[in-house]
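Order of writing sets the labels: A, B, C and D. Residues in every chain begin at 1.
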Amino acid sequence: MIVILKENPDLKQLESFKSWVTEKGISIHESQGTTERILGLVGDTTQIDIDLISALDIVADVRRIQEPYKNANRKFHPNDSIIDVNGVKIGGGNMTLIAGPCSVESREQVCEIAEAVKKSGATLLRGGAFKPRTSPYSFQGLRAEGIEFLLEAKKATGLPIVTEIMDISQLDCFTDVDVIQIGARNMQNFELLRQIGRTNKPILLKRGLSATYEELLMSAEYIMAEGNNQVILCERGIRTFETYTRNTMDVAAVPALKKLSHLPVIVDPSHSGGRYDLVEPLSLAATAAGCDGLIIEVHNDPEHALCDGPQSLRPEAFDALAKKVSRVHAAVNA
Amino acid sequence: MIVILKENPDLKQLESFKSWVTEKGISIHESQGTTERILGLVGDTTQIDIDLISALDIVADVRRIQEPYKNANRKFHPNDSIIDVNGVKIGGGNMTLIAGPCSVESREQVCEIAEAVKKSGATLLRGGAFKPRTSPYSFQGLRAEGIEFLLEAKKATGLPIVTEIMDISQLDCFTDVDVIQIGARNMQNFELLRQIGRTNKPILLKRGLSATYEELLMSAEYIMAEGNNQVILCERGIRTFETYTRNTMDVAAVPALKKLSHLPVIVDPSHSGGRYDLVEPLSLAATAAGCDGLIIEVHNDPEHALCDGPQSLRPEAFDALAKKVSRVHAAVNA
Amino acid sequence: MIVILKENPDLKQLESFKSWVTEKGISIHESQGTTERILGLVGDTTQIDIDLISALDIVADVRRIQEPYKNANRKFHPNDSIIDVNGVKIGGGNMTLIAGPCSVESREQVCEIAEAVKKSGATLLRGGAFKPRTSPYSFQGLRAEGIEFLLEAKKATGLPIVTEIMDISQLDCFTDVDVIQIGARNMQNFELLRQIGRTNKPILLKRGLSATYEELLMSAEYIMAEGNNQVILCERGIRTFETYTRNTMDVAAVPALKKLSHLPVIVDPSHSGGRYDLVEPLSLAATAAGCDGLIIEVHNDPEHALCDGPQSLRPEAFDALAKKVSRVHAAVNA
Amino acid sequence: MIVILKENPDLKQLESFKSWVTEKGISIHESQGTTERILGLVGDTTQIDIDLISALDIVADVRRIQEPYKNANRKFHPNDSIIDVNGVKIGGGNMTLIAGPCSVESREQVCEIAEAVKKSGATLLRGGAFKPRTSPYSFQGLRAEGIEFLLEAKKATGLPIVTEIMDISQLDCFTDVDVIQIGARNMQNFELLRQIGRTNKPILLKRGLSATYEELLMSAEYIMAEGNNQVILCERGIRTFETYTRNTMDVAAVPALKKLSHLPVIVDPSHSGGRYDLVEPLSLAATAAGCDGLIIEVHNDPEHALCDGPQSLRPEAFDALAKKVSRVHAAVNA
């Protein structure tokens, strides 16, 4: 951490600041220029609150050099983390397909889709039971009943399930859920992150709509700081000025997050584009960029399509996509 | 709501869609152009899930004409809502100053600041007890103890208090809190909004870092849909590409939100700019734009300034600011 | 185009508006709801200035249905445009590699790089002669001399050359240049677009840092409206809140622009990421998403790397990349 | 400037870098931490191209401490610059109203508006002759003829005129124009900035739609580096995710730019909001924040409003606004 002092700083405050830093076991290297004076803080600065320092009267600016996350940082864990979900391995060179309906609607719907996506190569089943919706008047999901239907599909197909939690009070419903998803809008719901960090389940953590890589990794750090290291990062599109797509998939997030962190990185091409005709090109792009998996919306009932998102694929399209993904994955890793 | 059909839509699906709409008591006006065919849906379309319609195979595009919020909408409540907080009236031409420390640190600190800001004209006391922090390693606030200190300051000064809740499990601590704040990062924590909507306390709802006016109003609608109409909207700066300021205060939010909604609109100039030298100009700008109040960070202890944000004013600066705010408010309303 | 009228519009103004529209050969379909009244304007509405209509007192809102561009629109030109650059075909299923130095520095440098990238499969040579720089104190390029060096490399290798124009006064230097590039910061320099539209050279048009697809296509339309249809669109990353990468490559722009327009779409992975370690994953992602080509920075002189961008590859890395791109392109189109 | 080296840098490259820096008269202060090694570059670093340094293999990161602009920097010119436009002084505590039509349409229109706004206290006349339009099919302005009409209005009222140039080839038309405006889309048209810097006319430089303060000041620096110091900065709204307003006025730009630079800062509330009902609150907000002037669109012909923007005020509204602005300006400076 580099602290740039104001000109002619109050010397009493400066001494008091130096003592405070040194007491934390951090050493200080000073450098005096013609106009500016710089303190280099050397040691474990993740424990230092950068906002507190920048608030000091004597400080002109503060810059971090080290990343403020430890558990999620590849520097300290050079090897890829591999998350084991009931035998399905995520990360470490594996390419995992997660598929299922946007919203769970009925036992039949979810079981039928589960069978279909399993045949096409998906190894996890996704489905929304608790649904975050912008409007209180929109359908909020089947909630507990939705999770029951997912569990029946799991029993029928053997596919482990991934579904979203919106509040820790819902945790009881998640006893038999295999991967708990934290949605983009809850990425900085710090209380939820902390509490979920005390479970021993894999967590699929989605990037917030305007979050930076560092903020995503800090949210992973909240979970890991409580002892749960099974975090899967998920790029799902960020908000930009473009209105043709719902969000803008940041495909560079894949290699960047994998460089910064040892955690697996998957991509959600369905929400990223918000259009079914973009799911295939975005899936292939994410695969080519080196992602560890894809989470894709699939629906099965064109007659009652009212409850599927405009970004859902039909099973046939998903099957064709899975084959292409496999070819691209092989081409990149040849 | 206007639905633009694709060319040559499947007629069976079209009939099924029309029945579904008509069953909701909404009537349909058709318009046929040379290439496009348009359906105008007339009636209470707030109940219609626009995503479901845009997902239909037969639909090229859907546009809302009516706003998707009802309770928060000025169209249906032309008069300003005035929120009564223990006798302090917010909205309806009143100009309310809310002030206090960023973080509650001690009984003495908060009482001293409370006395000072009361003298300068503040009528509510703010202070952070539960603190949302990007890093799990940063100070997370005094939590329950912080609220106790605020309540002692309330007893000493008579100022009602405003403080942030981060999770509904903390609600027990808020029994004697006068206004519950929902922070920017929780603006779309829909479960929290719903649960807080079942209390009978005024809610100060902060705009999310990348939220639109409509999204903010939809979040207010979540609270109001549960029966709690005492919502105060708060502009606190949005994320932009500018790095000199922490956030960018969107001063147009004040007249825009007041036009769209009957709810009071206050502004947080401290977090908007993130720099103490911007608090005054931003406060005056917000006042001139017609806001109903300001929520400002004030600290009192330059020697131990470590725990105050870089955007905090000292009591003397707050006192000078309050006088200028009062002059500008008078000039605008002369 | 749909015009939503205000309640109780002034009838005289309404009649005057209707006549104005009808005189342009556009017919009007009216639809009357309970509260709103809607006019559907049917015909060639690209000629209508939407801002003028939204300014009318009687108008609540206006929405376009048709895209405001004609020449660039795939609806009116269903087949891919193929741009022929001295025998090199861009678009229509071809995959073109354009490579070369960020800045032209010397005859030797550019010739050496040209030879190298040609061997690896590049079919066009790029190089910056006129350099847009944020600071007036930064190196502004060799300008006319730089173009001479590019032309020598063209003579030596047979590779057609692509280089950027910054002002129409520089056009004389471009007589033997094969493709003229318009940089991101000039995407809405409308006078330059118009003037370049009067040349008969292929134009490589880069997307602006915060431009939408529609704005990019409208800028292409400026060129095409003057008679020059040889426009190549280029995604080069947009500005987002992420600071780890210089820009954020919007890979969805590839399929989206190719759906909206018949023009070829290439991608610049060097400027998109701004980091050499991202050039390969971004190139593969863009290829997998279906782009018609890549424009990549290559430098050759590690000892004097001072004048190469942090995003430049060495020839060996470019060679390896070209092979991978070829494999991914084959896998996607198998 | 602080250069953070990679671990175990190549020593030959390091020495070569150090010589290069030292030759520029800049001295180097080294600081060695446990893992990182830091070089502080001390001296006039505005001449150093930060991109070149960050491209070096041995460099992990580079951060500027000094601002990269000199002529525009308040540090080196502590007093406010006052721009004299034919006797009208802009900056230094003066509050200047600039008003006029969006587009010049006719001699009568512009003269009538000029008379009206002069009566209300405007001291400069604005009007668009060369109009930057997103679509080539939209009205592009009266161009040279429009400037003639402005000059006639100048003759009739004595008001100096401000109008936009889009390309240096238009300069001949600007001989009698008093202030040349550079539009937001041309803020980084560096050739135009350079050429306009060689004139001796005051330049009104608008902030680009996604530009930072530093980028705006670097564009001012381009003009000033050529010898023309008469630059007026103009905040005109930035692009954000909000769609209710056309742009988002960044009112903090006023105090921030005035702190960073000695140049006058004015605000365009018409384009910022894009709605006539926002012009007044945004004008008052900008005034309260300390701007040196406002540039406001006024139209005069409600019957033919087709060519006025939705953000134009009528003369009566402008007159009322001018009085309020005056009261707020007095209140802030009391």
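As a working rule, contacts are C-beta pairs under 8 Å (C-beta built on N, C-alpha and C of every residue); 3 or more make two chains touch, one makes a residue touch a chain.
The model shown is predicted, which means the values in this text are computed figures rather than measured ones.
Any chains in contact with both chain A and chain B?
C, D
Using the stated contact rule, I'd like to know whether B-C or C-D comes out ahead in C-beta pair count.
More C-beta contacts join the chains of C-D.
As a test of understanding: of all chains, whose mean C-alpha position lies farthest from that of chain B?
The most remote chain is C.
Centroid from C-alpha atoms only, then distance chain B to chain C, rounded to Å. What do you get?
So the centre of chain B lies 40 Å away from the centre of chain C.
Indicate the whole-number Å distance between the mean C-alpha point of chain A and the mean C-alpha point of chain C.
32
Could you please state the distance in Å, as a whole number, between where the Cα atoms of chain C are centred and where those of chain D are centred?
Centre separation, chain C to chain D: 27 Å.
Got the chain D residues that touch at least 2 other chains?
Within chain D, the residues that touch at least two other chains are 210, 239, 241.
Sort out for me which residues of chain C touch chain D in the complex.
That would be residues 16, 20, 46-47, 49, 51-52, 54-57, 68-69, 132-139, 166-170, 185-186, 188-192, 194, 209-210, 215, 218, 221-222, 225, 239, 302-303, 305-310, 312 of chain C.
Help me check something: in the complex, which residues belonging to chain B touch chain D?
210-214, 238, 240-245, 248-252, 254-256, 259-260, 272-273, 277-278, 281-282, 284-290, 324, 327-328, 330-332, 334
Where on chain C does chain B make contact in their complex?
Within the complex, chain C contacts chain B at residues 2, 4, 27, 29-36, 38, 40, 42-43, 61, 63, 65, 239, 241.
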